[in-house]
Structure formats: C-alpha cells, structure tokens
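Both complexes below contain chain A, partnered by chain B and then by chain C.
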Partner chain A sequence: MTPNILAYAFAFPVLGIFLGLVYKGIDRRVSARLTSRIGPPIRQPFWDVGKLLLKETVVPENAISWLFNAMPLIALASSMTLLLYIPFGVLKAPLEGYGDLIVVLYLLTLQSLAMAIGGFASGSPFSSVGAQREMVLMMSYEMPLATVIVGFALIYRSFSLTTIASTPVWSIVGPIAGLGVIMLFIALLIVTPAELAKLPFDIAEAETEIAEGMLAEYSGRNLALFYLSDAVRGFAMAALEVVLFIPFTLSSIFNLNLTGASLYTVEALWFLFKVLVVYLLAVTLVRTSFARFRIEQASRIFWVYVNIIALVGLALVWMGV
Partner chain B sequence: MGKLYSFKRSLWVFHASGGSCNGCDIEIIATLTPRYDAERFGIKLVGSPRHADVLLVTGAIPRDFADKLRRIYDQMSDPKAVVVVGNCGTSGGLFYDSYNLVGPIDEIIPVDVYVPGCPPRPEAIIDGVVKAWLKIEKLEKQLEGGE
Partner chain C sequence: MTKSQYYIPIGPIHPALKEPIRVEAKVEGEKIVEVDVKRGFAHRGIEYMGMKRNAIQALYLSERICGICSISHPYAFVVGSEKALGIEAPPRAQYIRTIIAELERIHSHILWLGVVAHEVGFDSLLFWTWKGREKVLDVLELISGNRINYSMYMIGGVRRDLKESHIKALKEMIDYYRIFNQEMKNLFLADPVYKARTRGVAQLSKEMALKVNAVGPTARAAGLRMDIRQDIPYDAYADIEVRGIVPQDIVGEVYGDAYDATLVRIYEIDQSVDIIEYCIDNLPEGKIMAIPNYVVLLSKIKRTKGEGIGAHEAPRGEVIHYFKYDGTRDGPAVWKVVAPSYNNINSWAPLLLGAEVADIPVVVAYIDPCMCCNDRIAVVRDSSGKIVDSTTLHRMAVEKTMRIKKELGVKE
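Now for the complex of A and B:
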C-alpha cells in the first residue's frame, strides 16, 4: 500500500460518517415534508450522535458483555470498510485491487449479522425476537442481492468494481440484456430498504411491537456506534447502486473538457447528487409511504416476487450477453 | 454553547402508560402529527427506555404497575428526566381516593415536570418535554462549576 492509499483510507471513513449523517438529516427532513410537517434541521443526526455519546452506557446484567460491546464496533467497522471499496465518482476506490463485489456482499451481510449477534447477546427477549427476525429477513433478501451480483459478473466477466465503474453497463449490453439490467436494478432497489432496516422492512427493529428489537438494550456509546454504522451504510448502499447502475459522468454527458481539480470537484458533486437521488427514491419515499410488513409477508415478497424479478433479469442478461 | 447543547436539541422520549384512560396518550401522539410536529425540536418517541432521555408517564398508577414503573425508570441511562402528563399522574385526579392506586407518581419515582390537564393540550406536552431542559441546564452548571 502506498502512503496515498493510507491517506485515503483515513480520510474516507471521516468523510463517510459526515456524508452519512448529512444524508440521514436530508432523509428525515424530506420525509417530514412529504407528510406536510416541517421536520428537524439537517444537523439533527449530528446532535443525536453527540447526545448519545454523552449518555451513560448501560450493559445489562444478563448480557454477554464482551459480545454485547464488540458488536457495535464490528458493525461500524464493516460499514466503513464497505465505503473503502466503492469508487467515488472518478476517484478510485482506496482498497481497489484488494477485493471486489463478493467482499462487498459479505461486508453488507456482516453489519446485519453484527446487529443480530448483538441482539442475541443482550439477553432480553425483545432483542432475541428482533435478532431472529433479522436473520429470517437476511436469508430472504440475500438471494436477490446475490443474483444481482451474479448478473454483473456475467456481463463483465469480472467481479471487480473498478472494471464495472469504468464502463457504464448500459453501453455494453444489447436491448435484451438491457431489459435484464433494468429488472436487476428494480430488484436491488426493493432490497435496499431491507438491507438498511428501514420501513417497510424494519421488522427487526419494530419500535412499537418489540421495543426497538435488536437495539432494545443498547444505550449511550454503543447505540451511537450503531447509529453511525446505519448512517454510513445507508450512504454506501446508495453509492453502490449508483456505481453499478448510474455510472454516467457529467463530463461524458456534456462532453466537458475538464481537467485537474475542477474535474474532481464537478464529478464529486455530481456523484453526491446521484447518490442523493437514489437514496431519496429507494429509502425516503418508500419509508414514508409504506407501513411495516409482517415478517412472513416480507419473506414471501423477497423469496417469491423479488426473486422472480431478479431471476428473470438474470436470464435476460444471460441470453443477451 | 454549553457542553450539553446537543442534549437540548435531541430529546428522545419514552412513553409509559400507567392506569391511563388513553386520553393523554392520544394527545401525546397528537404532538407528532403535522399540526404540532415535535420532531422539529429533535423530540422523538422511542420504543425502548434504554434509548430515552425523557420518561413521559400518564395516568394514575395502580398497585401492580408501581414497581414496573420503578424498573422502567431504573432502566433508563443517565442523565434522565421524568415528565408527568395529565391530572391523574400529578395528583390522582378523578381517582384520588381509589383503594387501587398507590398515589401520585412523585411518590414512586422522582418527577421533574408536571403537565396538568385532563387531557393537556399537545402544546402543553411539548412545553413540558422542553422544560426538561431546565434539569439539563442545572446539570450543565454543575459540570462547569465542578471544573
């Protein structure tokens, strides 16, 4: 690793936390506006984290304390690492060459897994129920998610995110495979709220039925870490969708001849805008307009309907390539 | 800006309903509706007492519920404040001489803010939660005085 990569590796997580919290703030604000409320200021998530860090951290008496305390750290670390694999517009991913889409898939799973293990380690019946629901939900949405990634491997003959980001997927597929890619995109958009544990798939954290589920016993610093990992992962997931499906750069659309700093600034802003649009469409709009599903309904949606969409998409891609 | 500034802008509320008639509870939900929109001030209802900064208690407290309320209070992480909503919790209200009740809430857990009314207006409830700031401000002064 060159010093350059190390510098990226330290700057990216800080930037990731900042952007994640800003996007969470925008999400809450837009969601409030959609229900004709005024909503909290964009800075609200920063205040929430600041407050949680000030609070006392309670470890329940019958929790397995080392697991209970380790899981928030693992959750945050996995979302941060996830961010390091995603090419940021024209910038290369800091950990480029050290892993690919398969690692991204595992890192996405690791965060949910950390939350579920933390829930089981809390020693509270609410957390256990939440953790079980999370495991069931994970088993349901992993299949369509994996199908999407296999679809991309079929098109590019490679799992590397850098290869995928360098050539827009739409420019190398024919009409049939293009239809398949659209179906894969739809499947991934439906998986997004489940992956991020947002309504209508926040069954594992249902605050009204099972007292926040997996997070029921977490407080103070541990809860702040989960809050941050949730924010970072929300940003990373939307960024991943942008890299896979909307990789167009502004300079390629308008034939701009930008170089150096201006290129990076313009492309970075354009990338952030695309991520924001995907985030608002896939998370905010959906979570504001739907009520929570029951776990067996969610399971059926993913195993039957989303799976059909993803598999038909995969078949189309396979026929087209 | 004090050390506890972020506290004032982000109060998470847990709602414990004792022997309430549901009148106050509906008014509490009304504070979250578009008309009153408590989320503007960072006030959010949470589902677990571990996450909460403010405990909202409604209703007169029956014998069975008294030690449960004590447990809920103990489960909250410090610093915390208690707001009593409605006449019943403040003084016993309509049921002041009932043999089933253990008396006003401040005989069970320490109460910081009282919001009287049957039921109180949503504005009054928001005001009550915001008054919990006063307790935090006191804490802030202690912190600054201690150093």
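Now for the complex of A and C:
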C-alpha cells in the first residue's frame, strides 16, 4: 500500500460523510419544495448529527448491549468502506485491486444486516417487527441487485469496478445488449429506495405503524452513527449507479483538452452533478410521490416484477455479448 | 422452531395516534392474533363542569369538547336547549347555523383525508390536502373571527350575521372546492398505491356495523343509509332533501372498507358544498336571535322546567346532547353528551383481529377517532383491583396537594 492510497483512504470517508450529508440536505429541501413547503436549510443534516452526538445514548434494559452498541459502528464502517471501492469520475478507487463488485454487493448488504441485528438486539417489539421486515425486504431485493451485477460481469468479463469505469458500457455493447443494460438500469433504480430504506420501501422503519422500527430504541451517538451511515450509503449508491450506467466524462463529450488540476476539478464537479441527478430521480422524486407499501406487496413487486425486468435484461445482455 | 409471539403496545402515545388511547396487540410475524382496546385516557369531566355553570358558559365549554369538529357539540347543545326551553331560532339564524356546520364538515373531512394519507406513508398528499383545507379555514375566520373555535351559536340563534362580503367569499370558496374535490377524487380514488393499502382493509360488513352500533361515515361506508340530517331533519336541513351518501349510490357496490370510507367522505364534501350553495341562495332575511338579551335568556332558563334531546350529524357521526333544566338555576341540571367515536371505536377490535401490523394505522384512522369526545368516564382501581370511589379520590387528591405544598415549602 503506497502512502498515496493511505491518504485517499483517510480523505475519502471524510469527503463521503460531507457529501452524503449535503446530498441529504438537498434531498430534504427539494422534497419540501415539491410539496409546497419551504423546507430546512441545506446544512440541517449537519446540525442534526451534531445535536445527536451531544445527546445521551440510552441502552434499553433488556437489550444485548454489546451487540446493540456494535451495530451502528459496523454499519458506518461498511458504508465508509463501500466508498473506497467507487472510482470518483477520473480518480481511481483507493482500494482498486483489493476487491470488486461482489465486495460492493456484500458491503451494501452488511449495512442493512447491521441495522436488522441492532433491531433484534434492542429487545423492543417495534424493533423486532422492523428487523423482521428488513430481513424479508433484503431477501426480496438482493436477487435483482445480484442480477444487475452478473449482467455487468457478462459484458466486461470482469468484476472490477475500475475496468468498468474506464470504458463506458454503452461503447462496447450492441443494440440488443444495450436494451438489456437499460432494463438492468431500471431494475437498479427500483432497488435503490429499498436499499436505502426510503419511501415507498421504508417498511422496516414505518413511522406510523411501528414507530421507526429498527431505530426505535437508538438514541444519541448510536443514532448519529446510523444517520451518518445512511447518508454515506445514499451517496455511495447513487455514485455506484453513475459509475455503472452514466460513466461519460465531460472531456469525452465536448472533446475538451484539459490537464492537471482543471481536469480534476471539472470532472469532479461533473461527477457530483451526475450523482445529484440520479439521487434526486431515484430517491427524492420517488419518496415524494408514493405511499408506503405493505411488506408482502413490496416483496411481490421485487420477486415478480423487478426480477422479471432484471432477468429479461440479463438475457438480452447475454444474447448481445 | 417455536412460534414466537410479540406483544405490541400501541399507545397511549404512538405516532399513529393523534390522541391517547391504547391498543394492545399480540402479533405472530405480521399477523395480529389477539387484541384489546383500552380507553379512558382523555377524560376531562366537562359534563360535570357544565352542570356547575350557567347555560351560556356551558355552551362555551361544549365547543371545547372536540378539537376538530368544534361546532358539532354546540349545535347539538343549542338544538337540545331550544327544545327544552320551547323557543325556536329565527329562519336566518337556522340557515347560518347550517352553513357553518357544513363548512366545518368540509374542513374536517379534508383533515381526515390528509391524516389517512399520512398513515399509509403518503406525506406529500397530506401536505397537499391540508394546503387545500386552508381555504375553508380562511372563510371561517372571515365569518367568525376564528379558525377553529368559532363561537357562532347561541341558544335561540347565532351571534354573528352573514354580510355581503361573507357571501361573496363563500361563493368563491364553493367554486374553489368544486375543482379541488375533483382533483382529490383523482388523487385518492384513482391512485393504485392508495387503493392497495386501503381496499379490503378495515372491512366492516353491514351486519357488523349494526352490531357495533357504528354511526356516521363509518356506517354509511358499510352501506347503511343513516344520517341525522336525513332521519331527524333540523334547521335548514328540513328544507333540503339530504340523503345519506352510501357507496352503492356512487359505484354500485359496497365493501365497507377504508377505501369506501374515503369514497363516502370525498362525496360528502360535494354534498356539503351543494348544501352551502342552496343556503346562501335561499338565505331568509330577518333577525338572528330569538332572545337577543343574554340576561333575559338566562332568566328564562332559570324559570324553565323541562328536558330536551339535541342531535346533530357531526363529520364523524351523530352527536347527541341530553338536557334537563330543573327551574332552580340558570344552567342545565343534567347534561349528557354522546359522541360518535364512542360507538365507532367498538369496530376496532373485530377489525384488527387477523389483520396485519401494517394495517393498524389505517384501521385506527378510518373511523376518524376523537378520543376526547368519547371518554365519558374514568375509573381508578387500587392495587387490589377494587374501584376507588370519588370521595376517597378527592380526599387523596387534597392530601397529595398538601404533601407537595409541604415539600416545596409553599406558604399560604
């Protein structure tokens, strides 16, 4: 490991937290404007985290306290690690060569798993019901998610994210496989709100039904860690979609001849803009315009409809490649 | 593997509840296998307070029984009192009363639609409906000076007249709600997710509705055509042919579920708009109070011996007030209130049994419960389960106050 990579490894998570919270703030603001409210200031999530960190951390009497306290750390650690595998625009991923899309899949699952285990460990009936729902939901959306990743492995004959980011997917697929990739993109967009536990799939945290579910007993620092891991994961998920499906760099579109610092600045801003667009489309717009599904309705959506979309997409890719 | 049962307490404080009540559910997975409803968290002793005050003060108090349909209780109060006193409000006052009551029905139903949208997790719809509700609240504020507690009614009339400017605002509002309600029909009734969450949920059959004595929109959603405005017409309703709205009129079939409850309430907004339009077009001229002087009114109450029952179709169902004036004091000797939520909450236990955890908020919300209306009695038991009588309770309360005063060192 070179010092360069180490520097990245420290800078990226800090940057990831910052960007994750900024995107959360933008998301709240845009959602408020869509429902004719003024909405909180963009920096509200920072204040929320700051306040939560100052608050007392209560551990319920009948909770398994070491498990209860460990899970927020694992959740945050897994979403931080997730960031290290994602190539930011023209930058290479810091942990390039140490893992690939399969690891990304595991890290995405790990965070939901940590929340579910934390819910079971907190010993409250609301949390237990929430954790059960989260497990059911996870089993439902993992299959389409895995299908998308297999589809990419088929195209590139590799699971490496840097390989995928270096060559835009659209330049190496034919028309049939291209159609397949579009279907995989749609499937991934539908999985996104479930993966991030946002409406209409925030069933595990349903406020009016089970009082925030898995998070019901969490408070203070532990809740802040979950909040941060949620923010980072939101950003990472949108970034992942950009890397997989919208990899075009600004210089390749307009044939710009940029070098050095200006190249990195322009491409970084362009990358962040693309992530913002995906974030607003897949999270903000969806969560503003849908009601919450019941768990069995959500399961049916993923097992039947989204699976069909993803599998047809995979079949098209397989035929096209 | 053993079957695991969870005990889920909903309430007295819970995000799905706007007021305190307790639902205790035993859950297997997502399915509810045992349920118990406990009420009595919001008892305030308003009837008792009213029996210690004069009739006008009690009328003021009756407006505070319910926080949302704040004119329904005064309406039943004045109708019942007038029957007991043997007076009648002038025609103009009767029409104004009806207009105010229907304005309130509009705002209460829109409020409910927003709440039920929130319960199924559709907060955008909540914001949108409540934005539309502002219009009727503005009109109410223009007419009465207040958004919620209007203080419009008086025994034998109303306290404020409708001016030309008010009628203009009302006409404007009618046009607004004709369009707004059409949009609401599209948003609620045609939305697939809303339908998926409410169709078949909280399904109350006709027989069950009769068995639990359901009233108001809950009973009408189950297909029972019952409405005080149609069955025992009073005030301007006697001049208007009001027919209770039931789902079979609109779509031809009855499910009796939360979706039908939505249907009934949305079409009742249309009906209310029609009634208001009729009332302002046919508003009679004349005075607005039968006995304009309050001192004269109170002395008449003091001289009167009699009893009366006032009933009004509130947004949630029938409100019934019973009065007895005994001729010795200027307030009611007996005042008894029957609120619709008391009957409608009976439907929770049978509806929740076998339902899913995700359905709890919808079942709880679909009757539009009002806990502070429905709590008429509070019973305290000691550790051995014996009921503590009121004298003992009073003595204990005095003792506790003394003890606290001593601890805090309060000097008389």
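Here are a few things to note about the model shown:
Keep this in mind: the second predicted complex is superposed on the first by the 321 of 321 C-alpha atoms of A that agree within 3 Å, B and C clash if a C-alpha of one lies under 4 Å from a C-alpha of the other, contacts with A are read in each partner's own complex, and residues count from 1 in each chain.
As a convention for this text, contacts are C-beta pairs under 8 Å (C-beta built on N, C-alpha and C of every residue); 3 or more make two chains touch, one makes a residue touch a chain.
Please read all numbers here as calculations on a predicted model, not as lab measurements.
Superposition of the two complexes onto chain A shows a clash between chain B and chain C.
When the two complexes are overlaid on their common chain A, residue A:44 makes contact with chain B while staying clear of chain C. Contact with both chain B and chain C is seen for A:207 once the two complexes are overlaid on the shared chain.
Of the two partner chains placed by the overlay, only chain C lies in contact with A:199; chain B stays clear of it.
Contacts of A:57 after superposition on the shared chain: chain B is touched, whereas chain C is not. In the overlay built on the shared chain, the residue A:294 is in contact with chain C alone; chain B does not reach it.
Looking at the shared chain after the overlay, A:75 reaches neither chain B nor chain C.
In the superposed pair of complexes, A:219 makes contact with chain B only, with no contact to chain C. In the superposed pair of complexes, A:35 makes contact with chain B and with chain C alike. Taken together, the two complexes place residues 35-37, 126, 206-208, 210-211 of chain A in contact with chain B and also with chain C.
Those residues of chain A lying in contact with chain B across their complex are 28, 32, 35-40, 44, 46-51, 54-58, 126, 206-208, 210-212, 215-220, 223.
Remark: chain A residues 34-37, 125-126, 128-129, 132-133, 199-200, 202-203, 206-211, 288-297 touch chain C in the complex.
Contact residues of chain C toward chain A in the complex are 6-9, 14-16, 27, 29-30, 117-125, 127-128, 131, 191, 193-194, 196-197, 356-361. Contact residues on chain B toward chain A in their complex (touch as defined above): 3-7, 9-10, 34, 37, 39-42, 45-48, 50-51, 53, 75, 77-79.
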